[in-house]
Amino acid sequence: MGNVLVLAEHRQGALRDVSFEMLAVAPGVAEDMGGEAVVLLFGSGIDDLAKKITEYGLKVLVVDDPAFENFNAEKYQMALSAIIDDLKPSVLMTGHTAQGVDFMPALAVEKKLPLVSDAVGLSYEDGTLKATRTLYSGKVNALVAFKPADTYLVTFREGTVEAPEPAAAAEVEKLDSPLKEDVPYRKFVEYIEAEVGDVDITQSDVLVAIGRGLKEDKNLPPIEELAAAIKADLAGSRAATDAGWIPHDRQVGTSGKAVKPRLYIALGISGAFQHLAGMKGAKTIVAINKDPEAPIFTVADYAIVDDMFKVLPKLTEKIKELKG
Amino acid sequence: MLMSSEIQTFTEKYDLLGCIQCGRCTGGCPVTVRANLNVRQFVNDAYDEDKLEELARLAEIWDCTACHTCAVRCPKGLKPLEVLIGLRTMIVESGKVEPTVRDALQSVLLEGNPWEKSRATRLDWMEDLDVKIADPDEPVENLFFVCCTIAYDPRVRAIARNMVELLNKAGVDYAFLPEDESCCGSEVFTLGEEGLFEMQVEDSTEFLNEYQAGRIVTLSPHCFTTYKTHYPDLKSPVIHYTQLLVELLNNGKLTWKGELPKKIVYHDPCYLGKQGNIYDEPRELLKSIPGVELLEFERRRERSLCCEGGGGKMWVESESKKERLSETRIKDARALGADVVAVACPFCVLTLEDSMKGLGLEEEMRVVEIMELLGELMEK
Amino acid sequence: MKTFVCIKYVPDTSEAEVKLNPDGLSVDDSRFSFDINDADNYAVEESVLIKEAQGGEVTVLSIGPKKSDVMIRMAMAKGCDKATRVEDDRIATHDPLMVARVLAGGIKGQEFDLVMTGCMANDDWHMATGVALAEELGVNHASMVNKLELQDGKVKVHRELEGGLLEVVELDLPAVLTIQTGINEPRYAPIRGIRQAQKKELNVVSLDDLGIDPAEVGTDASQVVLEKLYIPEVESAAEFIEGEPEEKAEKLASILHKGGLL
């Protein structure tokens, strides 16, 4: 009946950003489909989380069951399967996250429902639900249309849209837990925090890489401050590791490591072919270099031609401010 | 795992019994100042079959730059460096190589170049140029083979681009190979991927022999020496481009505009000098430029210092924190008062220029490949 | 331990300019290099490591054209024992649920303890095939696995969550695991190994050979339609941020913030 059900994601007592981001998309789609957006929350002792979501003006359905203390794909699938039968939402949307991708494809197969994963846009036009996806290193977009189905499944990419501002408070409705039996096959054991200490830059999510432009190691502090502000690991070009500014095992390039972070910030790196080959897998590349002709700019998404030491302090300050 | 038959051939293959342990190899090895590499010791120890696996696991086998100084100096005519390559082969065939080496080798197999670039983009360097492409049905005097590094690395592409302009202007009978051309295997050989190298020799010999070439002209000394040394069945003789240019120079087909009042020091690339025995042609070309004062390194010709670009070192970083040989070289050039360090090898450009920048001498000096310099001086 | 490892041959589009074919539904891949999908390569290595430690047999399963045989031979050179390649142009490959159904058809009826595949394909980024495959096979699964320990009918895995956090879960076998890059260091397949692998069995099959009704996995069966591909307006070429140094810094910070990159 046109309702868009958004499964809010949380972990270790905190709601994930994507949960709010989806609230920027779901209400519009629901309205076009003639229904409303409703948030679904699974967990154990999650009243405060539920309350936080109600601040966005959407009804929150809460399943409070000790069985949901930790994420479990099998339990989520079982519960969602029952809820789809029960509530018959037109759309079920989750984050395209390590949680969402762990059960949505299985749910789609089980319920024989269509799935579009990693959507970056969603709209309902002329009776058809359409999703936008990105392919080929983000260089191509795809418009995908759902064929008519009772429920459309969507996993929505994190960080694609900004979360809306909180609106009028809405109600919380408790649902009975759809879990009737224990799930025997998959057992949560524990969470392990990422190891601190020696860093494997091939696994880094965010890298700040420095090159010859550093000039000397006493110039490192502003770079370290930026890295700390964005939780980045430090890496370097061959020149930087040669100079001893950065450990050798953090060298990026054909004779070093090939990296594929979500964000790569190249500071004072001109971008020799051998360096570019090592960081081409980065999703977003920011380059700051004095030389407007530096080859690094040919692969950068965002470029600043300037002395990095004039840019860095303000950049770090502003980032800290934006991150609150 | 090693087969016992392979162990037996190791001694035979590298003629280990021919070694008299005189130590001239290690004595001349340029890498010894940087790394804990004693090639004489390896030749000695590799004779013990039981020790081979242990030797192959030593990190220093990857420090060799395949400069061939040891081979040049060996009074018995052996190639001590190939013992190290043989040990590398054992590691490569176990599959447990550094990821960088793995990716380079795999790229050679899949795309015909070690730079993980698509074969289909191999001729992109020709963009906007009027280039004659070779046709097996048409005889051609000078058939050009473009090195993978020159074809793909924008820093050194000018070597090939300037060559095309020069050839067109001088009216030379030439053609460049189409995109089917594949890596010569120089670095595959030195990285120890023996099986892949054998396949390359077989495939490229067949490919190159399809053309009716008076001679094959190479742009990189690595391709030059590799074809000359390891491709016995090539129909056409192989030359380095500096040899062709000296011919053109002598026939009055090369003229330069203006003067270049610079002090230029020429760095002998190992693969062109020590291995290719070409020392004079690059110097003649430089001397032909009006205004140039040609300087000489103390360590030149067969004693030239290696830049550490060969031997697969583009994909293997040395553990050593000591000064790179290319840095020593730039300092030497600086001490000579050189404005320009000229080389005739793409790898030497990359390593020497990197060190020049590292020493903060960008304002004072230039590192150029001879073709880059000639491109600037060509009458267009 | 009987393992299936599902792999895909994908183009490297990270550096190349991507152009669309006139049909607007596919990309011109004539200028790309191709290789095994990154994460699948780690799955192959993991399957070989398990075989080396515990014995058993690894079967490669792939859907793709003949030119992908080189990738399959490389996997066999590394230690996989045999392979099946499904070549059939009636598969709706834009829909991972259809792909999963075909892969399931290549596994069903055979004994297995583990099925491994990469957690994501570099070309279409779905992250859906492996988990859908588990449901098709009716077995357990875990996605984004970056460490695994096999123990007596069970497997304990580390799942990589956002922000570097690991979730440790235990599953009963048989199970499907989608493997994250970095779980191991994939080995090199030397040419001599690839040559030897020519002797290993590589079966090329069609949907009919697998007993799959093409109507069940084709574009009619898929519940999603690829309407069109298009090149997004924001070109990958760099956006140069102008202004005084401090202005540039502020603008960059906002861009990164808005892009969810902080």
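Letters are used for the chains, namely A, B and C, taken in the order the chains are written, and counting of residues starts over at 1 for each.
Convention: a contact is a pair of C-beta atoms (placed from the backbone, for glycine too) under 8 Å apart; a residue touches a chain by one contact, two chains touch by 3 or more.
Here the structure is a predicted model, which means the values were calculated and not measured.
Peer 1: Which one chain sits nearest the middle, judging by mean Cα positions?
Peer 2: Central chain is C.
Peer 1: Please state whether A-C or A-B has more C-beta contact pairs across its interface.
Peer 2: If we tally the contacting C-beta pairs, A-C comes out ahead.
Peer 1: Chain B to chain C: how many Å between their CA centres?
Peer 2: Averaging C-alpha atoms per chain gives centres 38 Å apart.
Peer 1: Centroid of chain A to centroid of chain C, CA atoms only: how many Å?
Peer 2: 20
Peer 1: Take the average of all CA coordinates in chain A, do the same for chain B, and state the distance between these two points in whole angstrom.
Peer 2: One centre to the other, that is 46 Å.
Peer 1: I need the residues of chain C touching at least two other chains; which ones are they?
Peer 2: Nothing qualifies.
Peer 1: Where in chain B do residues touch two or more other chains at once?
Peer 2: 99, 116
Peer 1: So in the complex, which bits of chain A are touching chain B?
Peer 2: Contacts found on chain A: 212, 238-239, 242-244, 248, 251, 254-258, 272-274, 277, 295.
Peer 1: Within the complex, which stretch of chain B touches chain A?
Peer 2: The contact residues of chain B facing chain A are 99-100, 103-104, 115-116, 152-155, 313-317, 319, 321, 324, 350, 354, 357-358.
Peer 1: Would you tell me which residues of chain C are touching chain B in their complex?
Peer 2: Contact set of chain C toward chain B: 12, 16, 30-35, 70, 74, 78, 185-195.
Peer 1: Which residues of chain B touch chain C in their complex?
Peer 2: Result: residues 92-97, 99, 101-102, 105-107, 109-111, 116-121, 193-196, 198-199 of chain B touch chain C.
Peer 1: Within their complex, state which residues of chain C touch chain A.
Peer 2: 11, 13-15, 17-18, 20, 27, 94, 96-97, 100, 119, 122-132, 134-136, 140-144, 156, 158-172, 181-182, 222-232, 236, 238-241, 245-246, 248-250, 252-262
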